[in-house]
Structures are given as structure tokens and as C-alpha cells.
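Below are two complexes that have subunit A in common, paired first with subunit B and then with subunit C.
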Partner chain A sequence: MAQIFHPSANLVAKATIFGAAFIAAGALWIGDRVHRSPYITQAQVAREQPVPFSHKHHVKGIGLDCRYCHGSVEEGAFAGIPPTKTCMTCHSQLFTDAPMLEPVRESWRTNKSVEWVRVHDLPDFAYFNHSIHVAQGVGCSTCHGAVDEMPLVWREHSLNMDWCLACHREPERFIRPRESIFDMDWETPIAWSALDGDTRSILQAAGVESDPVLQADLGPALVEAYGIVTAQLENCSMCHR
Partner chain B sequence: MSQATTPPPPDETRTAAIIRPGHSLSSVTDKISKIVLQRHTPRGWFIGLGISFALVMLLLWSLTVLLVKGTGIWGLNIPVGWGFAIINFVWWIGIGHAGTLISAILLLVKQDWRTSINRFAEAMTLFAVACAGIFPLIHVGRPWLAYWLLPYPNTMDMWPQFRSPLLWDVFAVSTYASVSLLFWYVGLIPDLATLRDRAKSRPWKIAYGVLALGWRGAARHWDRYETAYLLLAGLATPLVVSVHTVVSLDFAVGQVPGWHATVFPPYFVAGAVFSGFAMVVTLAIPLRKVYGLEDFITMRHLENMAKVMLATGLIVAYGYAIEIFTAWYGGSEYEMFMVQNRMKGPYATFFWALILCNVAIPQLLWSRKIRNSLLALFLISIVVNVGMWLERFVIVVTSLSRDFLPSSWDTYEPTFWDWSTYIGTIGLFLALLFLFIRFLPMISIAEMRMLVPAEEEPEEEEK
Partner chain C sequence: MRAFLLFLLLCVAPACRQDMHDQPKVEPFEASDFFADGRSARPQVEGTIARGELSLDEHLAAGRVDGELATTFPFEVTAEVMERGRGRYAIFCAPCHGSVGHGDGMIVQRGLRAPTSFHSERLRESPPGYFFDVITNGFGAMFDYADRITPRDRWAIVSFVRALQLSQNAELADAAPEARRVLEEEGS
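After this line comes the complex of A and B, so read on.
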């Protein structure tokens, strides 16, 4: 009887069975990479807006405070997107003819909002509140990155749950003094002289005397002083209510 | 009844043989492989497959509607959050257990009568597990996220809840499915080689040849095959006990009256074997008739399976009795209410039907006459299958619908979609079975050849 298979079929069979494990593992690895890539998370991807509003120009160049436009960040869950009126406080006088600003003037004339593209959008099943984060020492740039360097805004981080949990599990690694929340240049280690009086007394109470002050010393002292209960930050119902 | 002691009678007066005398190595091979290799497909096969395939379409339709509209199409409510999906899951998983018991435990304890029924019982296990696996997945509400049940490094940085029996289920059932598949396939390899050698057309030679993995029947092949088969039997043996134990813990770990009982694991395992053997009998009787396999699946097989059903049925009956006893002895008013509610409440009909099916009717199997009557055995096996389904219904629904707080009580009524999904999985099970008996040997040729008495071996050459 003639043979059905060539002897090389043995090698093919072994290679495919052995290779299947690597192909399956590789496919899973690629899936994981894609899932964490900017293609899915949109981290680091600048978004087109109806008006090319530059945070770099307005914050770094002019020196506007975050709260000038995002007024409810200290009291509300939502930081707030400014109404056209806020734009017009300056632009009724400045660059009144700039074609770039025509959508803003049109909004002012017609009383219809400019439809800004939302960059930071959490899923509806995650409850997030800006005010508690701002009140407990999470600075703007900790989550949003160097917005003062962004001509068009992008997401600094993935907004994946592992990113949220990284801070909820170890807030002391990220927390800063309440007085420096809106400081876009905040970084540790920080010189003792750059700290305000409240923070200095918190550090003194915690027995920290190094200069410059390290995050490893500052973080735990602030967590203690601000009454942050780390154990409860990881409860499911903290964010999924 | 003849009490012959020496020599054991070769006829069927006392106990029927496990293979009818007069068979040779080649006649066994011919008879079993012909079912697969013959060109002509019986019309009944097409009709059977057609009907089951139509039911598979019903299943797909039901699943599509479920995916579009969500679990609201089922009769679930609060408090009865576990309806047909969990009932059917437990029922199908239980049915699978006979296959593993027959192939693994009976192999290790050297019960050679298992040989002619193990192959299709194992296939039945696989198909039952496939049907069972559908239910928890569609029950999670968002089936496209069902992979969250698996522990893998994810962007949520979370592990599943390892303290939950529902997660243990994931491991128990997936281990069970993979070991059963491997066991079945390894057992098939020598037979696939036989089919490869006997197939007439080239495509079939190639198809069976690829699956036979280059089996030549060399002594070294047999040596390794026997070792692998025994090892797999050893791996599969604990699964007979562990899988349904874990399934029972889904209930027993909860504090709901009627679930929170230590008797659950053994009682569930016995129930699983009970329903599994009933399903094997249900399938074996028509199969041996249609394909003329009375020589290989003899009355001895059927009688032995009837005895296993009787024994496990008694364990299950003991479980029912103990449930009532502990409710009374434990002195918990909720447990006592649960027992009364089962017997007299809104689902009392189901409870008494269950007692009739699982406790009363199987007692007929004490009679040898009944055990040797094909019709009676067939009917009893179907009754047991129905009874075991009712058992899961009673456990799931009566306990949930009447829990601690009367204000939260509600009644569960299955909808059309509950039934269509359930019946659809029966169609899937049967369709897979029809395909199996057409394309693979439903009895192990290699193992049957070992049962042929040596002196009847003819001079003919065998591959």
C-alpha cells in the first residue's frame, strides 16, 4: 500500500503542535499590547478641537490659573468646561477679527455652545469626583500631565483601572501639599524653602527634617495629616457605586 | 436460576457475556469500522441529524435574542436570580460524569465490561460538557466579557475572587473538559489508524491519517499508549468526584435555606453518576438496536448499568432524607420552613414528581426481569433524566423564591426563551452525537479486539 504521507510530515506535525503553543502565547501577548497601546487608550494622542485652543499659550504664556476656566474643580465632581462667556471675557477685546476664533464668536452670537471634544471620559460605571481628589492633595498635573505644555490637549495616561489603582493603593507616592495643587511645575524632591507653612509644620510633626524633602518622606506625612484611609480606597464601592 | 460454579457458562443463562461468543479479531474490526466507513448513510441518520440541527438553530436564535436584548428575556427575577441557566448547567455537567466514571474508574478497577460503552460514554461527556459550558457563560449577563472569569494580567489590575466557588467552577469545568477531551482522543488514536488503513478514498485516508498521528501499531507505540492512557485515567479519576463537588459548593457555600448543607458534595456526585448512567442507557438502547451492536453491548452491560443506577439512586434518596433530617435536627426555623415549602408550597408538584422519578420508580430496578427488559430500562432511564432535572429545579427555585424575608418572595416562571435555550442544547447534544457515530467508531475497536478469546483468533493478518 502506498504511503499517504511523506516522511517530512512527521516534522511538520511536531512543529505545528509545538509551534501552536507559541502562536497562542504570542497572540495573547499581542492582544495585551494592543489593549494597552495608545490605539485603544488614546493616551498621548492629541485631539482635534473645533477651535485649536492652546493650553500651552493660555497657561504657560499668559499665566491663567486652571480655575479661571475649570471653575467647579474644587466643589464638584466635574471640573467644568467653560462657557463661551468665559472666552469672551478677553476675546471680546483681543483678536476680535482672528478667523481661528470665528466658532467662538458664532457661539456668542447664536447662543449655542461650542462643541468641544471631550478628552478625559471615564466609563459611566466608574464614579469619579474631582473635588475630593483636589482637596486631598492630588495635583492637576499628577493625572493630566504637563497641560501647560500641550498646544492641543491629550490624555496623559491610559485611564485604565490599573492606573487608578496604582494611586488608590499607594497614594503616598503621588500626593502633594494642598497649597500646590495647581502648581504645574511641582516635583519632588522639593526644597524646604519652597514649602508653605502648613506643610512645614506637618513635616515637623512627622519628624521629617531633610532638605530637599523627598516624596518618600512627604507622601506618608501628608496621607497621615490629611486623614486619607488607604485601606478603604481599594473598596469596589469607592468607584463602582 | 442456575447456580453454575465451574466452569463459568459461556451462554447467557446466568450472566450475559460482555461480547457475544463467536467473534474473531477481524469480525470485531469489520463490524465496528463498517458503521463509519460505509458509503451508504441510513436515512434515519439524516432525519435524526436534521431534527437536532433544527434545534441547534433554535439555540442560536435564542442566544442571538439573548445577546441583543439581555437576560431580561428569561423568567429571572429578584430573588430568583438563578433560573434555567444554572439548573441546566448542573444537569448537563452531571450527565457527563458517567462517561468519566466508565472510562477512568472502571478502567483502573479492571472492569472489562466498560470496553464497549466507554467510547460513546466519553463522547457523551464531551458533548454534555459543551452544552453545560454554554449556560454559565450566557448567564453572566455580558457574555462578551466572560473571559474576565479567568485570572490573567489585565488592565484592571484585578484578580477574580478566588474565594468564590463560582470561580472554582471555572477551573473545575475547564479542567474536566480538557482532560476528558484528551482522554477520549488518546483512546481514539489506534482506531483512527485502523480507519485510515481501511478507508477507501484519499481525503478520508488523509483526514483519519492526520488524526492518527502516525500510529503504526508498533510495540513501542502500544507501550507508550498504555502508559499514557493509564496516566490520563489516573488524572480523570479525581475529576469524577471533584467537578460535581465544586458545583455543589456553588450552592452549599451560600447561606440560603436548602443549600447550606454539608451533605451536598457526596449527594451531588451520586446524583451526577445517577443521571449520567441513565443517559448512557438512554443512548445505548437505541444505538445497539439501530446499528445491530447487540453482540458488543450485551444485556450484561445494560444490567450492570441498571445496577449502578439503582445504587446511586439510593444514595440520592439518602441525600433527600438527610436534607429533611438535618432541617429538623438543626432546629433552624428557616430550614424547616424550606422543607415544608418544598412539600406543600407553590412548587410542591415538582418536588413530588422528583420523588416519584428519582426515588420511587428506580426501585423497579431491584427486579431482574425489569433490568432485562429493554423497554422498561429505556423508560426508567428517561424518567431518571427527567427526575434529575427536576431535582435541580427544586433546589434552585424553591429555595430562592422563598428566602428569609417574606417581603422579598417572588415566583419564578420560565419563559419561552428559557425553554428554547434548554431544548436547543439538547439539540446540540444530539447533533454532535449523530456526527460522532457517523464519523468515528462508537465502540473502541482496539479494546474490543483484546476481549476476543485467544483461541478464536484466526490466521488473518491484522493491521
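After this line comes the complex of A and C, so read on.
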């Protein structure tokens, strides 16, 4: 009987065995990419809402503060979603016959809740609290992006655990002065003259004199002044209680 | 071989369950199929008072003394109270009443009925209790803010409105000597 395989088949066989490792690694890599892609995390994907409520119009356009509607963000774990009454403080007089506001008016008449679709939702086994972040100098836009530019809200970040940890390991890269938490346009480097008196004295105490002030100088000074203990921020039990 | 496949299946299967992602506990405002109206947040039973919210102090909680609108503040107005009031005013009042209180806020420019200026004769004469009462119970076309602003913060806002009123109707003689010199120089 003639040989079925040519001797060079040995090489092919070896290459295939060797290649399998790459194929497996490639499959894992694709899996990871998919897992982190907007398809799974919903990052950057705007959600349809029962009422096309636009933060762009209400925050940037007419200058409302986040706390007018998300009132418990400073004291509570939950930021709060405004009740129908909050919309009606203005829309009982403005746009009273706009069809897109009909669900709001119906809710007001019938006392049924408007069913907003959740955009950010951590799994129930992870604990998150707004008040500590707001009190320790993490601004809304650091986590939620430029909400004031969003006609419909989307998730700016994946909300994956590695995203939380990236900041918990090095909060100094993101911390800003407490007075600027609600400032949607906050950016470093920032001019010395744009800073508040308290922040200036914190910087002076830390020996920072540059102008404009860089995040590399501002961050560590604020972490120090606000007493943020980075060592404990990676404890599993803090977020998985 | 079959045992190996079963083992593989067992390894992968746990990843399919989402039970721990959505546990039977309710998060704030989560929909509920237990209550008829679909809300997990239950309305307060009539006549109940949340812990820590009982206030027997009519002056602090209702802005009245012996049934009359209070003419004084229930606590001392310090610089901190005023600062707090300034912040809360900017969030809750400025959109309609304007940052200085002339009743020309952004929402009014977009068509809301214009409120009377805080610097009108009548409102300058009104006691602090009147402003507290308007925030607590609303006034005409203005909704009440009782569920969003705590009584202490309402008083803080009133103190700031008072400061605004003084600032807009100040005489030269009221200014601190330093400031007066500057103003006089600018004026001449």
C-alpha cells in the first residue's frame, strides 16, 4: 500500500497543534472584546424613553442644576429620579399641549408612574453609593460624561468592575474640587483664577504654584486634603457586601 | 468522553444564571409585581411621620408663631446658613425668579408666568414667615417645594432672599466704609 501522507504532513500536523493554541487564545480574546463591547455593556448606546426627555435642553439650554431633579445625590446612595410633580412645576404651564408630554400629563392625572427605562444598572451584588463620591470630589461628568449634551441619556462607561477599580487605584487622576462637582465643563489644566478660595489654600499648603494648575499637582493635593485612603478602596467587601 | 463533556457543560452553565444580577430585593423605584399599582415604593400611610421628622416646633416647621406668619427666624442666621441659602436658591428658585430675584429667570423667558419681583414694595415688607409659607405650600401658579427642601434649608433660602432684598435697596450709607469709598470714587 502506498503512503497516504507525504512526509511533509508531519510539519502540517505540528503546525496545527501549535496553531490551536493561537486559535484558542484568539477565541478568548474575541470573547473578551465582545464582553466589553457596547453590545454587552450598553456603553454609548442611548435608550428610548417613554418621554423623549432631553438633558441637553433642560441642563445646557435652560441651565437647571442636577439637584433640581436628582435631589438625593448628595445625601443618598441613590441619586433619585424626579417624580411627575417635578416636571409639572413647569409643564403645567409650558408645552401644555405638546403630544410628546402626554405620558407626563397622564401620569399626573391618573397618579400612575412614568416608567423610565434604567440606563445605568449595576448587578444587585455590587454596592454603589453616590454620596461618598460626590462628597470626596468625583464629579458627575467623570462617571456619566457630558450629560448636558445628551438628547437621550446613554452610559458613558461600561460600569465594569475594572472601570471602578481603575479609579479606586489612582483616584488622584480624577479628583476635582468639591465646589466643581456639578460643573459639566470641568477640565484640567485649569487657570489658578478659576479656582475657589478653599482649593487655592489647599494648593498653597501643598506647595503648588503653577498656573495653569495640572491634574498631576491638583489630584494628589486634594486626595491628601480630603483624607482619601487609597489602600482600602480595593477591598472586595467594600463593593460586594 | 461523556464525563468530560458533562464536566465542560457544568463549567459553563453557571454563567447562564442571572439570579445574582437581579435579586429578589427591590432597589429604589424598581417595579414590583406584588403591589397592584406596580410600585415597590409605598406611599406613606396617612398620619404617619418618618423617623427623625417629627417637629413640634411650629416656628421651624410651619413658619408660624401662634398661628401668625413668623416675623423672625427660628434659629440664628450665620454666614454658613446664608451660604447654604445662596446655593439652594440657585438650584431651586433662580430658574424662575432669576439670580437676583427680579422674577426674570430662564423659565420665565421661555413663557412661564412672571412672578412678582422680590424687590417690589409689597414683598420687601412681607415677613420671613411669608416666604417660608410660599415654599412650603406653593402660591398660585407656583408649586410647593416641601418635599424637596427641608425646613432648615427653606429658612436658609429665606435668609438669602432677605439679603438679596437688602442688596438691591441699599443706601450708600449702608455700605462698609471701604466699599463706600470705592463706590463714591466710581460715582464721581
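Everything that follows uses one rule, which is that the second predicted complex is superposed on the first by the 223 of 241 C-alpha atoms of A that agree within 3 Å, B and C clash if a C-alpha of one lies under 4 Å from a C-alpha of the other, contacts with A are read in each partner's own complex, and residues count from 1 in each chain.
We adopt the following convention: a contact is a pair of C-beta atoms (placed from the backbone, for glycine too) under 8 Å apart; a residue touches a chain by one contact, two chains touch by 3 or more.
Everything quoted here is computed from the prediction, not taken from an experiment.
Asker: With the two complexes superposed on chain A, say which partner A:Ala146 touches: subunit B (first), subunit C (second), both, or neither.
Answerer: neither
Asker: Which holds for A:Asn10: it touches subunit B only (first), subunit C only (second), both, or neither?
Answerer: In the superposition, A:Asn10 contacts subunit B only.
Asker: With both structures fitted on chain A, tell me whether subunit B or subunit C touches more of subunit A's residues.
Answerer: C
Asker: Between subunit B (first) and subunit C (second), which does A:Leu233 come into contact with in this model arrangement: first, second, both, or neither?
Answerer: Once the two structures are laid over each other on A, A:Leu233 reaches no partner at all.
Asker: Once the structures are superposed on A, label A:Met161 by its partner contacts, choosing first (subunit B), second (subunit C), both or neither.
Answerer: In the superposed model, A:Met161 contacts subunit B only, not subunit C.
Asker: Could you tell me if A:Ala135 is touching subunit B, subunit C, both of them or neither one (first, second, both, neither)?
Answerer: In the superposition, A:Ala135 touches no partner, neither subunit B nor subunit C.
Asker: Which stretch or stretches of subunit A touch subunit B in the complex?
Answerer: The touching residues are 1, 4-5, 9-10, 13, 28, 32, 35-36, 158, 160-162, 165-166.
Asker: Hey, which residues of subunit C end up touching subunit A in the complex?
Answerer: 20-23, 25, 27-29, 31, 37-39, 90-92, 95, 106-107, 110-113, 141-143, 147-148
Asker: Looking at the complex, which residues from subunit A come into contact with subunit C?
Answerer: By the definition above, subunit A touches subunit C via 62-65, 67-68, 71, 78, 80-81, 85-86, 88-90, 92-94, 112-113, 115, 123-125.
Asker: If you look only at subunit B, which of its residues touch subunit A in the complex?
Answerer: Within the complex, subunit B touches subunit A at residues 152-158, 196-197, 202, 205-206, 209-210, 213-214.
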